[in-house]
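These are the structures in question, set out in turn.
You will see two complexes here that share chain A, one where it goes with chain B and one where it goes with chain C.
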Partner chain A sequence: MSAATATTPIPKNSGWRLFLQTVIGRAYPRVIGQQREKSWLIFEVLLPLINVAAYVYVYRAIGAPEDYVGFVVIGGAMIAFWMNVLWSMSSQLYWEKEQGNLALYIIAPTSLMAILLGMAIGGMIATLLRAGAIIALGTLLFNVHYVVINPWQLLAVFALTMVALYGLGMMTASVFLLFSREAWHYVNLAMEPVYLLSGFYFPLKNLGFWVALGASIIPLSLGLDAMRQLAFRSGPSLGFLSVPLEIAMLSVLSVVFLIAARWLLATLERLAREEARLTENRR
Partner chain B sequence: MFRSPALRSFRMAAWLGWQIESNWTDPFLFAIYSIIKPLAAAGILVVMYRVVTQQAFDTPMFAYLYLGNAFYQYVSAVTTGVSWAVIDDREHYRTLKYIYVAPLNIPLYLFGRGIARFLTTTFAVLIIIAFGVWWLKMPLSLASIDWPLFLVSLLLGTIMLALVGLILAGVTLLTARHSYYIGDAVAGALFLFTGAIFPLEVLPAYLRPIGYALPITYWLELMRRALVGHVAQAFPTFSQVSNSQLLGLLALMTLALGLISWVVFRWCEQRAREQGLIDYTSNY
Partner chain C sequence: MNTEPPLNDLAIKTEALTRIYKIRGAKKGDLRERVALEEINLSVPRGELFGLLGPNGAGKTTLIKILTTLLAPTRGRAWVAGYDVVREADKVRPRINMVSGGETSGYGLLTVRENLWMFAQFYGIPSRLAHQRIQMLLEMIGLADRANTKSSDLSTGLRQKMNIVRGFMTDPEVLFLDEPTLGLDVQAAREVRAFIRRWMDENPQRTILLTTHYMQEAEELCDRVAIIHNGRILACDTPEHLKQQVQHEAIFQLVVEPEQPLNIQTLETLPGVLRLHQQWHNGGLQIEISLAEESVLPQVIGELERQQAHLRSLQKRQPSLEDVFVQLVGLRMEEVERERGNGYHADPQE
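Showing the complex of A and B:
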């Protein structure tokens, strides 16, 4: 290597360029890692699909209308996003702390918010592929019929749901900065109860108005309900609230969660520094 | 007797597993944590059933799926409890190599680690069944339970599930950290084929042989028959098979599984030693 090459200054980014570079840098392993580790096809497509099939056959065993089969397929696919938010967003900073990477994130001359955003975008892209595979295979296997009158509205609902959901993930990731060993248990606890409260396998309105309203704090509850209304013939009659109202509520949740994530991240990072929790490892 | 390495391995692992599972919080929160997940899983089925059948909870179909789902909680808990110990000790606590150099019986140590989840699941299953009887009026009474059949089936089933867990533990010895949910994943997959929440006749004909080949299918049928015999026999799947025949089948399958799990675990363990995977941390 020549001396001239060795001393060539490395261009440094700052401001929004650095923010963007960080987002891409953190999203990269999420997307590329999936291509290198093919076992996700079994663990995150085939096995969830088998689980979805079990609920489909329950509906068939009790003689449910065929649209309910579609509800289960869509719900099963959306579970992939909830799992991604729980295990790869909310608890990610806890894992990083366990492995000793969190301190490196804090030391790096970049924004922690950009790191979280990169995790969210990378996770969302990777999960989109998995959820898409579950919907495609589920639709083919169980002969699901969709009646989509307004595809743009459907796309908008999905996009808003994702923004609100990953905003929630970024917010809870900040909270997990303070957690230790109990973090794993809290995440574990947020699986089946949320599948129930968000109506992953049945229309949300069947929980009753007040329970469904309370469950609406989880963006997937409203998002799934609106998507089912827009994608199935019987959807509108089984919807919890009107689609425009659900879109408005999802918009509010998106803004609130993103702002709260930013504030919580700053506050809890300061608190974690003061209480020396960034490098603790209470196995 | 307690000086026997085999029994000591099991007893100490059970105590250790209980501490790991429970001491991260206070007992009250731990009790809530232990029952809320299985209750929510049961709740999903209850709502699905109610939506379609307009609350017909006193039918044989409801008892079939409700009890099948309740006992299926053991499948995930025991298989994961046994196999998860490998990941926990190797990657989290990084003690697996010390376990291996200690005078322990490794399979019995792993079985012991699964005990904590068995106990918490038993608590959850009791609550789920009580909820079904008192709130949903499921047709089950203490007087009509076939207790000997129930206890023998539960014991055989638990051994069978622990042996499945041992196979998964062997596989886990050879895989990276991201396979941590292999027990849950396998339990989720078998949910479809074992007739846990719907009779096997509902499955397409080409999938049913998978269900008939799985010991969990027979175990769940026995558990239902022990609790609500008349309801379980209302479905055609095993209507021609007596309780003793089912029990014999389960015992034979458990024996076969015992041999298979022993061979698989020992083979995986040998491969893990050869490849230096006993103290491997993947940090994936």
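Showing the complex of A and C:
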């Protein structure tokens, strides 16, 4: 190191540039990790497809409308996002703490919201590939027919669902800051009930109005229902609420979850600092 | 007259800093308190390599956690680079960095270069400059040939070198090194220490707070050392001045071969014997003895002969920080750690 390099201060970005750099920096391991760990092809595409196949054969055996097969394929693909939010968003800060990364995130001059957003965007991009693979394979294997009248609206609903879903993930990630090992159990606890309440494998409407309304707090329920309405001929007749209403509700959920995430993150970070829960307990 | 420099000239300052942990017991509602830091007053001027020396559990890491904004103090205040660590944490963070021994940060799937680049992004270092600095520091620390290796494939020593680069890469005003050579082999520890010293020598404004329980590391690296035990600072001065505290003592290292178990108590109660420590080493009993004055030595040797312990070697030793620690605490550091059940490892780097 030359004397000049050693004494000249390094130019560093701040404000929105730092925020953006952090988002990209934290998204990078998620996106690149996907390419380096090929096992996801088996665990996250083929295994969900087996589940999808089971429902497809049940529906065909009982003579359900053929669109139900498409519903299941779309549901199976969206499960990938829910798994990603649960395991790689909600409980992630706990794992980061155990690994020693959380302390480094906290002492860095960047915002923890940017870290969470980077995690979310990276996870979303990586999962998009998995979900796409499930849809492509499911469509080919089970001969699914889509009737998409308004692809832009379908895309917008998907994007809104992602914002709301990952907003929920960011919010719960903040709560997990306070958890220790029990984080694992809470994640497990949230897995199966959501499979049911989101209507992954059947139309949400079948849950009955009040249960379906309650389940709408999970963005996937409304998002999936709206996407099915926009992608299949019988979709509108099997839909829970009208697509515009579902879009409005998803928009509200997105805003609420993101604001709550920001508030919870600040509050729980302060609390965790007071209670010595920001660093791992090994040392 | 108060001769303390103004806050802006200090890299670190603490005032009556205290941290009490609340520990939950096995029963519901059973809450105990453990004082990890008690009334710590420290002033570290800019440009100093300051050492905190103490056994595991002494409070070193707790102090670092508070100074790096990771932990709130229960009482008292602390400033880093002139800013309050609680009220102005957002001003402290751009000016600091931290590296801990045995750290497993980063992501195993990423290469060394990618991991470092990622952390550089969190400090707002422009990508191109980050890559230049990473390359330069990797070359300095001897890790350039492993830049494209996945970090999960690195040995402990190489991984710690990567962590060191991560901490230094942002060129912090104040750098916190928490046991940076913990678990490293002799060569890797030596390289890390040389790197630290070189980095400090290059810019007089840089400050490092280093915690260690390796006496030699503190002596070799630090401008000043604070000895910490049970959450309290027992002494704080340059290594030379600290050692002068025990300079009046005559310290001898003897190796004897006893024919029968030695009665140590008789030796300890001899007039003029201040402290004594014994351990088996290479088949002989090694005794380290501190005497009020050299003239007491013949009586010690006489007593050993009386007990049929044959003297194999005798060496006068210069006082070390270990002697200072023993004088202050009454126990050697390894004895403190053994009492706590910390599984003390004698310095493998010596």
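Things worth noting here:
Convention: the second predicted complex is superposed on the first by the 268 of 283 C-alpha atoms of A that agree within 3 Å, B and C clash if a C-alpha of one lies under 4 Å from a C-alpha of the other, contacts with A are read in each partner's own complex, and residues count from 1 in each chain.
To be clear about the criterion, contacts are C-beta pairs under 8 Å (C-beta built on N, C-alpha and C of every residue); 3 or more make two chains touch, one makes a residue touch a chain.
None of the values given here were measured: they were computed from a predicted structure.
With both structures placed on the common chain, the touch criterion links A:E37 to chain B and to chain C. In the superposition on chain A, A:A266 makes contact with neither chain B nor chain C.
Applying the stated contact rule after C-alpha superposition, one finds that A:Q99 touches each of chain B and chain C.
Contacts of A:Q21 after superposition: chain C is touched, whereas chain B is not reached.
Of the two partner chains placed by the overlay, neither chain B nor chain C lies in contact with A:A159.
In the superposed model, A:V252 lies in contact with neither chain B nor chain C.
When the shared chain is aligned, chain C comes close enough to touch A:A276, but chain B does not. Where the contact sets of chain A with chain B and with chain C meet, they give residues 37, 99, 283.
For chain A in complex with chain B, the residues that touch the partner chain are 37, 39, 43, 46-48, 50-51, 53-55, 57-64, 68, 98-99, 181-182, 185, 188-189, 191-193, 195-196, 200-203, 206-207, 283. Note for the complex: chain A touches chain C at residues 1, 3, 5-7, 9-14, 17-18, 21-22, 24-26, 28-29, 32-33, 36-37, 99-101, 103-110, 115, 273-276, 278-279, 283. Chain contact summary for the complex, chain B toward chain A: residues 24-25, 33, 36-38, 40-41, 43-45, 47-53, 61, 65, 92-93, 178-179, 181, 185-186, 188-189, 191-192, 196-199, 202-203, 283. Residues of chain C that touch chain A in their complex: 21-22, 61, 65, 68-72, 90, 93-94, 96-98, 100, 102-107, 109-110, 114, 117-127, 129, 133, 136-137, 140, 150, 166, 170-171, 178, 198, 202-203.
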